[in-house]
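Mind looking over this structure? Questions follow.
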């Protein structure tokens, strides 16, 4: 007979957002056990979450600037949680601000690319790089922006199976080639984007989003960054 | 301002399980429109499903043997749907029977591997091969067998981020090496499995499941096989 | 002066088809030494064969069903030996029957592909995967079916050097792409096959043979399966 | 006799830093010819430079903020030129500021890594990605910081030939693995860095520099960004 | 029913060693038909051989020096044929002499490696590079030198399945690593060879044979060089 | 504050061309210290060179033939130094002569390829293989032959960024494909060269130079061969 199938969940006791609370990522279990996730504004991750600790590095939290503290509060109010990538950067306010500044410009600023298209690039790149954090967080974003749960799953798994229009297929083909063989991208590749309707400014934006996630995927993988578990169930 | 984000869903009108109804996979829209998914026993896929057609080949349905017809009925009764891979094979009863025979022996028969472990191998292999069908169907199976939705997502995305015990990690490391570089597997690799507690019979079973999904991934990718959409929402 | 060139052959004393005789693959040398390959019906491999043991796993032989026993006898009568892959599966009659059922349907059943073409696919796939067992057994099959010894050698070494017609070249290009990058196969690839004269049913058959050998290559490599030495000299 | 060896240099007439002057990257040769590199503060690139245009996209220059204008002036005063990557970003002041902010924090801010070590990471990553811009600019930086011209050449070509101490070798091995296979980086890799003397904060910094150049390499390759020719001759 | 299996052999009428007779590789069928392989000393390839033309380039034969003419005669007398690689180089006597000089020094000169070992390296390298010419000619050499037909087949297909002693396994592991990733070979790799009993001079010789076949494989593949068909049947 | 940036140069005391003086590559520091680089004709490498020893193998020097001794003298007189690759081969006069004979025919003999074009092939191949020795020595040769320092840097880093004419781009595309996937080169690839203006004899020469550097790159990497430091500063 086959063996019992219930997978024992790994024991975990570490609080979710220690870094945000000025604690280190790998220590202070005693204190954490005593006051688990005490600050309500940061009680982002459900009690059952097993994706802990949020990164595998022990980085004592630095002091947030008023701007960043306000930004975290805004995340909490609007999303119901602070994305773990922000919590991870919170050990150093200067690095956090640089990251947030670039992220918001690229993903939320003006562009000829829709926000959904930028998320599609993020996920196609992260799929090639097999980045658990980014696939989870941005896969959820595709599901939400598109209202099409299958689209998110397809781009996580293999963007070639998604039913894309010509513009979006050209965009993701470029994104993946630039991810896999950056040194082989040439004028012919840019011409393919132009023929699919993209302007030179759009090409810059595609390249920048591809670049950004090739950066973030590596920071996340290098630190074993864990996504907020709430992402998994969103917009299914 | 960024462009509108709503992704227009591709139009679709093709019935889900045409092959099962003796129709061809790419034709007969008129008849289908007139009698959409009429046979109740096969009304497996929700009306809103957009993953159509189930394969990209036009294969007229063959006649099912009584045994296979009964098996399809059993799927419908127990699962609520007939898995699309079975519908895809239904154009030729002999091929369907051979597939079902091997599948059921490997995935449901007696083994030193639990059913969950066999599904974990299926998904780790399918992740390397980027097989949309198998990742969707067997990712759902991991979520169901384990009761741990995160485990399914993690193995779909990158099995290395899952919190596995030593036995299961050794099993998946072997599975992925055998998938990526079958000609490089040697005695040292088998010894690693033995040291992780696997018997020689277990090693045969691991190799067979790895082999089977390296086969199925390729049949599914070659034919653009689409998973039943019901899988996506299961056990989240 | 250069060193002596005679390569000492590794000592071997293990009987060829122990698994078929109810012995284990790695044990019982004493008994074997006393009664080497005693059952005439199974004396398949020449005495001088050094490809022993037939697999690197110790799997006690199970009992063959009458159908499988008859099948082994038929192999012996018609081929003069039982292919080692069957002997390897003989530890479990259910697995043996599932394997034989699928193999015979795919490689010997009705198809728009000739038997030679199916063997050509088998070898091109096995060459990419560097599977010693399958290259040996199916390389011999190409030599036999085609009456052209060079064709077998060429597809073993690099199918691109074989003087193929357009149909067969398209078939093997598809087979190798599906082996190397299954997730990248798309409609364009199927269209190339159709333009080379293949029907949708033929495409299914090509995909299935590609899939089957991607499975068998991995079972053979994972278990270090050794081909009957008789294959090496066939149809040279 | 062999053919004449003098390689005709491609004709070029386009001014170096058009983007900085509010011109587009691909047009206006007439005006440019009339007033070549007229603004002294931007006369950064020698007249003989053939690496033109600085990017292959036509992006009209945006207006620089006072802070960025001052930063460009400071580059001109201290370096004698404005690095082309800054000129390339100058079409959009917000993107320029985000880039400069992150770059300066990572490469010039406080860290357990010396500035030379950060440049070594930059070049080892850029060598894998074959990024002409970054290899040229940061190869020069290694030559300058180290006072060892060979070290720069070696890391451009193959960091494994450089005579590195154990700490720096571990750092570059990690950097290259994170570049090539980000999804395969695990605790064992972080442990190797710790054993080589790096703190968790150092590991974050290594990962961030690796990530940053995996981003910049892709933006540079996607846009065919050209380095200031002055870099080639520096610190030889 | 399956289609007929007899593979029509491609028509061919071109003489085997045209280059050796001062003819071009792709022309002169009329003359050739009139006087097929007329010079007895060069009647090397059996009439039925289909591996024609010997290379895919049209190179008029140059005049052989007396030394090279004598060497060709010696080949004919001792082997019964002139190896096609020599015929291919015969368009230019200087290139032929340089090739023969280096080949004979490396493969037949004094060395701590036996001639068989040098052939094993040749075939393991050629297997990675999938060179039809070298696999055929040097696979035959392994069969002859070793008196073990299986050894030749195994190294052609996948050297890892051959039953090698520790010395020869270390030698081929080094050879294949140096072929696949030459830039990653380091002191540790040389140390592995020393621990397996090789002297520094032996390491030079291994590297030189690896290098030589990485050269020859590419010349043969670039020109579609065909082996003498007589090799296929040798020492089976 | 960041750590101090001065990279301590590794201590070195070994004379440059020990092999040429009959000493071994790894020993005899005492004697060497007493009479450093005493023979004027061989005082090739500047005193400050840190690329020592010239190879990582201990090979006692053999006796040079008069022809080779004269050739070394000629190098010294014309170049001001003996290229280290010649010094490395000097342990065995027969191997040295075979290498010099092939090198001079290929790189300096008559050909439809200019000497610069042959150097461009050498560097493009060596860049793929990441060969420090050949990139350094032949990168300098491109700078010298072309009078264009940037061209040398570009082909070292990524030949795709060089502003090449159609002929040279086709030549380097072929060279790199033949380096990366020799077994995939086919008639179509040769046709591309013919359409770019190359004769069949030119194709042979391209293939031969590609082959030669695929050999030399591996001998250099296997032995950790170090270039004369004088190359680094040449023709900048």
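Just so it is clear, A, B, C, D, E and F label the chains in written order, and each chain counts residues from 1 on its own.
Note that a contact is a pair of C-beta atoms (placed from the backbone, for glycine too) under 8 Å apart; a residue touches a chain by one contact, two chains touch by 3 or more.
Everything numeric in this text was worked out from a predicted model, so none of it was measured.
*Asks:* Can you list every chain in contact with both chain B and chain F?
*Replies:* Under the touch definition, chain B and chain F have A, C, D, E as mutual neighbours.
*Asks:* Chain E and chain C are one sequence twice: same or different residues at the contact, by the over-half rule?
*Replies:* Here the answer is same, because the shared fraction of interface numbers exceeds one half.
*Asks:* So which of A-C, B-D or E-F matches A-D, with over half of the contact pairs the same residue numbers?
*Replies:* Checked against A-D: the matching pair is E-F.
*Asks:* Between chain B and chain C, tell me the centre distance in angstrom, where each centre is the average of that chain's C-alpha atoms.
*Replies:* 26
*Asks:* Could you give the separation in Å between the centres of chain A and chain E, each centre being the mean of its C-alpha atoms?
*Replies:* Going by mean C-alpha positions, chain A sits 53 Å from chain E.
*Asks:* Please tell me the distance, in whole Å, between the geometric centres of chain D and chain E computed from their C-alpha atoms.
*Replies:* Computed value for the inter-centroid distance: 46 Å.
*Asks:* Could you list which residues of chain A touch at least two other chains?
*Replies:* Expected reply: 130-131, 158, 183, 186, 224.
*Asks:* If you go through all the chains, which pairs of them touch?
*Replies:* After working through each pair, the chains in contact turn out to be A-B, A-C, A-D, A-F, B-C, B-D, B-E, C-E, C-F, D-E, D-F, E-F.
*Asks:* Can you check the complex and tell me which residues of chain F touch chain D?
*Replies:* 1-7, 9-10, 50-51, 108, 110-117, 130-132, 135-136, 145-151, 153-154, 156-158, 161, 163, 224, 229, 232-233, 236
*Asks:* What part of chain C is in contact with chain B in the complex they form?
*Replies:* Residues 56-59, 91, 94-95, 97-99, 101-102, 105, 109, 129-131, 174, 178-179, 182-183, 185-187, 190, 200-201, 203-204, 206-208, 210-212, 214-219, 221-224.
*Asks:* Once bound in the complex, which stretches of chain D touch chain E?
*Replies:* It is residues 158, 160 of chain D that touch chain E.
*Asks:* Of all residues in chain C, which touch chain A in the complex?
*Replies:* Interface residues on the chain C side: 183-184, 186.
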